[in-house]
Amino acid sequence: MNIHEYQAKEIFRQAGMPVPPGEVATTPDEAEAIARTYGGTVVVKAQVHSGGRGKAGGVKLASTPEEARAHAEAILGMEIRGLTVNRVLVTPAEDIASEAYVGVLMDRKAQAPTFMVSAEGGVDIEEVAATNPDAIRKLTVDPRYGLLPHQAYWLANALYDDPAIIKQAARVIAQLYDAFRSAGASMAEINPLITTPEGEVKAIDAKVTIDDNELFRHPELEALRDTDAEPWAETRAREAGLSFVKLDGDVGCCVNGAGLAMATMDLVKYYGGDPANFLDIGGSSNPEKVVAALEIITADPNVKVILFNIFGGITRCDDVANGIVEATRRIDIKTPIVIRLTGTNEEEALRILEEAGFSAFTSMDEVVQKAVELAAGA
Amino acid sequence: MNIHEYQAKEIFRQAGMPVPPGEVATTPDEAEAIARTYGGTVVVKAQVHSGGRGKAGGVKLASTPEEARAHAEAILGMEIRGLTVNRVLVTPAEDIASEAYVGVLMDRKAQAPTFMVSAEGGVDIEEVAATNPDAIRKLTVDPRYGLLPHQAYWLANALYDDPAIIKQAARVIAQLYDAFRSAGASMAEINPLITTPEGEVKAIDAKVTIDDNELFRHPELEALRDTDAEPWAETRAREAGLSFVKLDGDVGCCVNGAGLAMATMDLVKYYGGDPANFLDIGGSSNPEKVVAALEIITADPNVKVILFNIFGGITRCDDVANGIVEATRRIDIKTPIVIRLTGTNEEEALRILEEAGFSAFTSMDEVVQKAVELAAGA
Amino acid sequence: MSIFIDENTRLIVQGITGRDGSFHTAQMMEYGTAVVAGVTPGKGGQTFEGPGGRTVPIFNTMDEAVAETGANTSVIYVPPAFAAGAILEAADAGIELIVAITEGIPVQDMARAHAFARDRGARVLGPNCPGLISPGKSKVGILPAQIVTPGPVGVISRSGTLTYEAVYQLTTAGIGQTTCVGIGGDPLIGTNFVDCLEAFAADADTKAIVMIGEIGGTDEQEAAAWVREHLDKPVVGFIAGQTAPPGRRMGHAGAIISGSAGTAEEKMQCFAENGIAVAKRPADIVGLVREAMGL
Amino acid sequence: MSIFIDENTRLIVQGITGRDGSFHTAQMMEYGTAVVAGVTPGKGGQTFEGPGGRTVPIFNTMDEAVAETGANTSVIYVPPAFAAGAILEAADAGIELIVAITEGIPVQDMARAHAFARDRGARVLGPNCPGLISPGKSKVGILPAQIVTPGPVGVISRSGTLTYEAVYQLTTAGIGQTTCVGIGGDPLIGTNFVDCLEAFAADADTKAIVMIGEIGGTDEQEAAAWVREHLDKPVVGFIAGQTAPPGRRMGHAGAIISGSAGTAEEKMQCFAENGIAVAKRPADIVGLVREAMGL
């Protein structure tokens, strides 16, 4: 789960990190009022789940409250990489002597959290990694011991020469790890970590991604989710325990398992069709999920055919069949439905579907070809 | 550092453990008043740094406040294993269905905290270990992972059959480990951990030993130290950073290093003398420590001779010599002093001592023989 | 022969009394897996009623279950909040192969659990995986038994149902399997492609390998490099996610395309460069296997 | 020859700028130890001025110090609150032998530090120990150099100054040492009697061993059993604490008599039963060593 910069900063503050103050505005009036309370120059920053905000014009310096208001007016409602900006963060501008990058993320290969720090901060770290990998110092945290004090110091030692600043930065790095741990994050990043001309270290941008699997432990973090920032269908899918991604095609896909879902989309394309979505109904066998899936798919006016591709393992085919039957009773579905069911309890499932008047396939290629055909003919 | 039962219980309560209420009284009046507020039967328990309180008559059941008063009167001032009782804990009596033992201590061989639990609670665990070792289940905690939930459950599973009670006990065991960790303990023990007829698990006795080396991290625990319960000399020694144990002989010993101190005492005995104390001035070379050591030794009226045995490593002989000279200037010492100094900077030390009018030995056997001779002749 | 599980597998089901646990225990017993014990804390002493009147004793702890039954393998169906703890318990009890079916285990829990399993010398398969099956010998997990048949092909896959698809097509075409392994789609998995390739390389009965990957990460690329350097058995590969738009999450964290690395195109090309026959759609797998084996 | 340290020892002093650290660094350099670097966070780039105009570079981190100097050994003089951290840093930097002089390190810190050192394959000597000296070759720690001389006896001791006493008497009697090791008196030490005995057993130049124990614990008994089973070199033993009253703490946690185990009497008897010659007082050690070596 992505959260906004201002929310990530609050997590950082709770970990004791030096984060400048800031308040969120949803209107130009609010932005102006906040800028007035801070006095001096402020930064108005688009709060949106995307990088590249600066390049897109979503981050502006304002030397007066009126200017802050004008910037907020321009930024609110702006689209950045397809996402609408609904909130801006207004925060006092800081004098910057140097900018560094400090981040920690869960590394697949090391099977452990891995830090990356670079004295080249304020820029895209992937770019630094590609063009100047020696400018990045990496450290894998042994999850049995956590980040050790000397390791935090060693990372900080790569960024600065001044002992007093190294010590502050080492503390910030240790706190970042604590925040990463306690928030159940899969990624936490400060970019840039700045030093001021007075020799203070401050985190002036913050990015945190929460591991969705941790949310049961962190109801307070679930509350940070910005559902305004996502389409209705994604919210509905998440609440029903489905994985859903909207695409531009006309073949609505409902598949169990992410891999099979992707392979189904690929096959739609292979046979000349265009998938309308990725939708994984997951590994459990809850008929309610099928109902939700059908609601989500049929809400897309582009969808001309609904394609089920279910291979039963934990998901029992009879449950899926019951779900389809129940869903079609509850919602009025005009779109044609083609179904492929194979695996655990498939005979029972086929019986249920046939009793309800559906016809079902057992071959993936056949069902996909049929769906593409129906979409083209509709 | 030993702390009292009521203090250990407070640590347990902070860890969330089910500990019945209780208050401390230093007078029979207070004990009676406390018993009255609880109503019903109470237990009056001597608070003293020693086991075997029950056998010594230091734990009594009182069915009325008046009886509580009478028991407190008998227990306060009582001597248990040489220690005077200055406080009693008054706590409501619990109905006991079963008694178990649960303890954790730092194990030398495993180099890790080790749990011991036994369904035979309320008795001396060393006795159980000696007579019925199979009745004890042991578990070494991997310090890299801490006590894992399944391990706490496994320990509890050895104590009870009822799933609801096992679950409660597992939680108490996990909390005991947290308390052990957070208090910087070297030992933490519940004996007994009881079940009530209603199926509740409660810790009705508590024993915690704090690792002295942790006290710099725990100023709040240092405040728990009961200096009333120890002689002046031990308090003075601790404050000066010395290790001191009073004995019954007449040869006052001042040695650097615990091993050499013990060997010196052994040698005093070997030559027919009797050591008055164990005193280790430690590994650092602070003249103030020597001053404190002389104050402590000369405060013992039995001491007929003071024997220094210093072998310099980290402790530099010149510092010790300076300390002796300074101490003899500050305090009026009538007792004869014999000194043996060898090791780092020994020439300089001998020069200092000779300038101050002392004569010094370099052989341990010689200086001990001389000390024993002086003590016998005095 | 086969890899990881066979007729000597003695299995404990952790979470045997839950809905999924009990359903799949019955399925595994039906298939012939030696399910020797179940573990559910608080239900020790009870009995699981399996198919055909067979029963399985239930214990409170893995330690008791292993001591009483001599089990060497466990499968985990407990809820996400307790699943990493179940892995720790299994590894602590001396289990050699721990198959973690549970989906949704926090990734930080898994980092610790994997470290612990390594320390204890246990192999973890998964989590968030369908388990594995050695046709005719043993089935551990949730793979549907009716789609497999004994034979010479080893199957490794990151996804669950897509594995079934591929295996089903092999079986339908009369090509059997030594072992089918679903390694799971989570970011931190215990057994990866290379681990499975090593095991299949050492298995004399395995004559060809089918490897089914996904977008995201670089596990497939490492596997391809390993194939080129170490393996003299033919490999057929498939990658799901050719139509996935970059930067979007497709169902699980393992399938994020980050930057240039991890696209289906890149992986398919890497397969081809390292001598792995690449299937364009699942239905092509059978033909390529036939070709590779000279059938 | 010698054990643990010799002419190839390249030493880093952790906490080189402190009072004890700087004093003993000078002493070690004076003796000829190759002190190649010092580490004090925040003082990197400065220089330690040693005896005879020799200088030692100071680094912020062990990692830099090891990379720049190829050190294999470190000695720790940092305060108790940071000493366990210094051990972790040394082990993490690939140091093979870490000699922890610091007294007063919390025992729970040491439990973690020992586990970490084991994981990293580093040997810890101590903590709360005087270090070790291989006469004529290298000295690491605080043992006074003037009391040792090269020769055929290996010395192992739990206490600091009592070691000096014994070594001093050997030297005065003209009996030199291969290596003198103070293993430290803390409850959790990294290198114990048996570890040292194993090393001395493998050292051809060591012809006899002096082992100085204390009351408390059972390390001496385990050492005695090892001697009987594995060692064909003569051993002379001494135990301090014959006059200690039971149940009282004598200076450090290692010296508590708990119950019947760990009294001086019990240990001396155990020594005698396992073929170790027992000295009644330190002055007897020399005679017993002479006898054992047939001098």
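Observations, loosely collected:
So that you can tell them apart, the chains are marked A, B, C and D in the order they are listed, and the count of residues begins at 1 in each.
The definition used in the following text is that a residue touches a chain if its C-beta (ideal position, glycine included) is under 8 Å from a C-beta of that chain, and two chains touch if they have at least 3 such contacts.
Quick caveat: nothing in here was measured; it's all calculated off a predicted structure.
The chain with its CA mean position farthest from that of chain C is B. Across the two interfaces under comparison, A-C and B-C, the one joined by more C-beta contacts turns out to be A-C. Annotation: 27 Å between the Cα-based centres of chain A and chain C. Centroids of chain B and chain C (each the mean of its C-alpha atoms) stand 55 Å apart. The centroid of the Cα atoms in chain C and the matching centroid in chain D are 50 Å apart. Residues of chain B in contact with two or more other chains: 142, 144-145.
In chain D, the residues touching two or more other chains are 112, 116, 119.
Taken as a graph of touching chains, this assembly fits none of the simple shapes: it is neither a line, a ring, a star nor a complete graph.
Interface note: chains touch in the pairs A-B, A-C, A-D, B-C, B-D.
Interface of chain C with chain A (complex): residues 20, 23-24, 27, 80-81, 101, 103-108, 110-112, 114-116, 119, 130, 142-144, 146-147, 157-165, 168, 185, 187-188, 212, 214-215, 217-219, 238, 240-245, 248-255, 259, 264, 280-283. The residues of chain A lying in touch with chain B in their complex are 144-145.
Considering their complex, residues 142, 144-145, 148-151, 153-154, 157, 163-164, 166-167 of chain B touch chain C.
Within the complex formed with chain D, the residues of chain B that make contact are 106, 108-109, 111-113, 126, 142-144, 181, 184, 186, 211-214, 216-217, 243, 245, 247, 255-263, 265-270, 275, 278, 280, 282-284, 310-316, 342-344, 364-365. Those residues of chain C that touch chain B in the shared complex are 41-44, 60-64, 82, 85-86, 88-89, 92, 112, 116, 119.
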